[in-house]
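My questions all concern the structure below.
Should a chain be cited, it is by its letter among A, B, C and D, assigned in written order, with residues numbered from 1 in that chain.
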């Protein structure tokens, strides 16, 4: 990968592909790359005459069509009206569990992260939860998280939600809900499957031939560098400016 | 009926040891009142963040005012982790009640509706259930058997927030930030700071009334211009990101925090 | 996304046998759409009154469109009892699900929050618990042992109401009548008639947005001028008390009701 | 009682007295006499420098300070923010139970009334529920209601709400929650305790000497016929006009 902005463009385009087919995606605060991915899908659908895409961005006044306060996103997800959401994790394990609380023994954790936010809830209710964590290291991708903020698989209760894919700076994984684990789908250039193995602390399925994550095509790049970054600038001015300048 | 009082008098209505509900940064945080609470030495608070907090919680924790912290997250957002929160966790000086956002909303709704608990979707499988023994998993009493989490009612002693304006009767404009209303419905007492008091009746028209918390739920109001600073107040001013970054940097050390706090309290007094 | 359709097309989205949630008279009743539903011969409805109804329910019952009636009351208000409701009860031609107002709100809230049930204060000792075996009395799973009533979620197939205006994106102004939002959150499909479609974006400002149901929850909108007539529409027109009294008088007999209905349907067609 | 309007003035003044000390009274729709009583108390408190009284009238836009839809009154009551409310009843029995559903066997009742409205809930939650039913007859005041819309006494659950008094065209009763029944407090002139016994189908306690319900004094009448009926006219124009004309 020749530069930071190219890497980001691949991530954004990959997110747009992962979201294909959804009607409503909600994006957490401070998430410019997921937001850009969602906006790219919306722009592409509009261009191609496909069904419209709704995007809600938490904490944004411009991209907020909620009128019932902080609970509305959660209610909306429980009603089945949110098709996709993004979650990160200080730790993510091979079973798809995420830890947003800290490492070591609770409550006096060695490292304390902000907290679980809505993860314990939304993971059950949003069909396509995209795990997005740029840092790809054994520190993040661990065999077993120290604290389960949100569990991926709970056979004891019916649920429509859960992890759909894991996207990092190095690779894209699918999550297989039946197998209860990740499968490597593609590796972003210039990384190799060996790089992924080396930097992933949990076991995952790996196909015989691992594809390269496709770079966005020219039409997608034009859309991204034009309309999408302009729209993004409303909510993430600094990020959009940097991306436009680099392009 | 709603009393209109001075900021210090408003802060004095929070007693040491009480539970205090405060909103998320973007919804209108009463930072000026927070300074007055610290100034007044009110401590041993049970802070309930609806459903998360940032600078306000970190400041109160750093000032030693918080005994128990009930929240779904504490973060300074773009400015990074909340340093005094982190230090307090490491020191074990604050009792943690980790939550997840909708569970805090659900607890307040239980209080709003006057019921002892509220069922909530999801959560099953989360270690939050281990660290929150007050949350229960029950079999749904209706329809087919199915496990459901229930959370107890959250009835804060005091709800505290900042809003653009109130009218003379004590009606407060909250716009779409309906979690502010939920907090007030649930709380035993609600204290509000505002940028200004307006002469017109905010309940006058159907359109203006829709975004209003009625005075019935508001015990006292104090005027505090730029009362959310350095946080944003919707429709009024953006966050002072430089100031929040300055806090994030200084509060990394105990000494730096003390220096920041001292300046912050002085600044607030000069504004008032 | 919200579709803007003709009144008949809107009514056609209600299928025979579906559950249909409608608001109390003062909140915006879609009377024109009700006429279109009767005209289309849609029947076997499970009518859910949020939380009571009057002319609309009586008309649907008289027209034979209602199989099950879930309500806390049916009354024509000042004009007296609802005659076709009374006749249907005597004839046993409608299955009754008697309720109490907050229990209907609670059932809708359960659906809004995606949980199978909701606890509710009071009710214990009422014979409603005898006639509503779907309501349960449980021991509170939190705090001290205490009996609490729980009611199952109400998820209407369709929510239907009338409002002053919608914008082109399908956002609907509901003012303070937040039960309309609750109905829409809870329902699988929401149909709205409005006096007019406006060009401005109703979500534009914090003040206007506070009283708006977002288009996310609105499946279809039809324009129906004076669409609540003869009932009132807040901010627009008062109830036509003379017309309601005329209905109350005519509907005392089956024949009188038929005559009224025929005129009512004709009148609506002339307006449209 | 010399006239209909004098009888109503006594009822209104009696209601104002029953409400004395409350902060917030909620009045159902189509209840001009309870509304007038609440307005009289508010006017009197204002005149006497006593604490202010809030009045919410269901279905009124002018006397409505609620902004959270139809549930707010009920939530408000559950929060302990409604001190008084009025309920009627097609039947009311000696234990204070009320029937708003119908007579005979449910569901095919012989006479069907509108339904229970919020009674089953509010009776538990509002400390001073004033039972107000103008018709005083054995048909209304029965030994045992055919259907309990709302029960007055439920030892199995803690409750703050319940019946406080019963006001009719003929008399005023107190409700004794410990004894679980009514006690005659006063009789409106020209009725006698014997009239009450004859027209009440349930047993109640009767003191040795039964007082006459006091007529409103001159100052109260002045307040009522002036300011109160003017305020009332906003919500109940026809009723207020009739009362003013008769005064």
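As a working rule, a contact is a pair of C-beta atoms (placed from the backbone, for glycine too) under 8 Å apart; a residue touches a chain by one contact, two chains touch by 3 or more.
Since the model is a prediction, treat every value here as computed from it, not as a measurement.
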Taking each chain's centre as the mean of its C-alpha atoms, give the chain farthest from chain B. D
Of the pairs C-D and A-C, which shows more C-beta pairs in contact? C-D
So the centre of each chain is just the mean of its C-alpha atoms; given that, what is the distance between chain B and chain C in Å? 36
Rounded to a whole Å, what is the gap between the Cα centroids of chain C and chain D? 29
Can you work out the whole-Å distance between the CA centroids of chain A and chain D? 59
If you average the Cα atoms of chain A and of chain C to get two centres, how far apart are those centres in Å? 40
Quick check: what residues of chain A touch more than one other chain, meaning two or more? 61, 66-68, 74, 78, 125
Where chain C touches two or more other chains, by residue: 113-115, 120-121, 146, 176, 181, 206, 209-211, 234
Every chain pair meeting the touch definition is listed as A-B, A-C, B-C, B-D, C-D
Going by the contact rule set out above, which residues of chain A touch chain B in the complex? 29-30, 59, 61, 64, 66-71, 74, 78, 100-102, 106-110, 112-125, 147-151, 153-154, 156-159, 161
Enumerate the contact residues on chain B facing chain D in the complex. 1, 111-115, 171, 181, 185, 203, 206, 209-217
Which chain C residues qualify as touching chain B in the complex? 106, 110, 113-121, 134, 136, 138, 140-143, 146, 148, 150-153, 173-176, 206-211, 234-235
For the chain B and chain A complex, residues of the former touching the latter: 24, 26-27, 50-52, 71-75, 77-78, 81-82, 85-86, 89-90, 92, 95-96, 98-103, 105, 109, 120-128, 131, 146-147, 176-182, 234
What does chain A use to touch chain C in their complex? 24, 52, 54, 61, 65-68, 74-81, 125
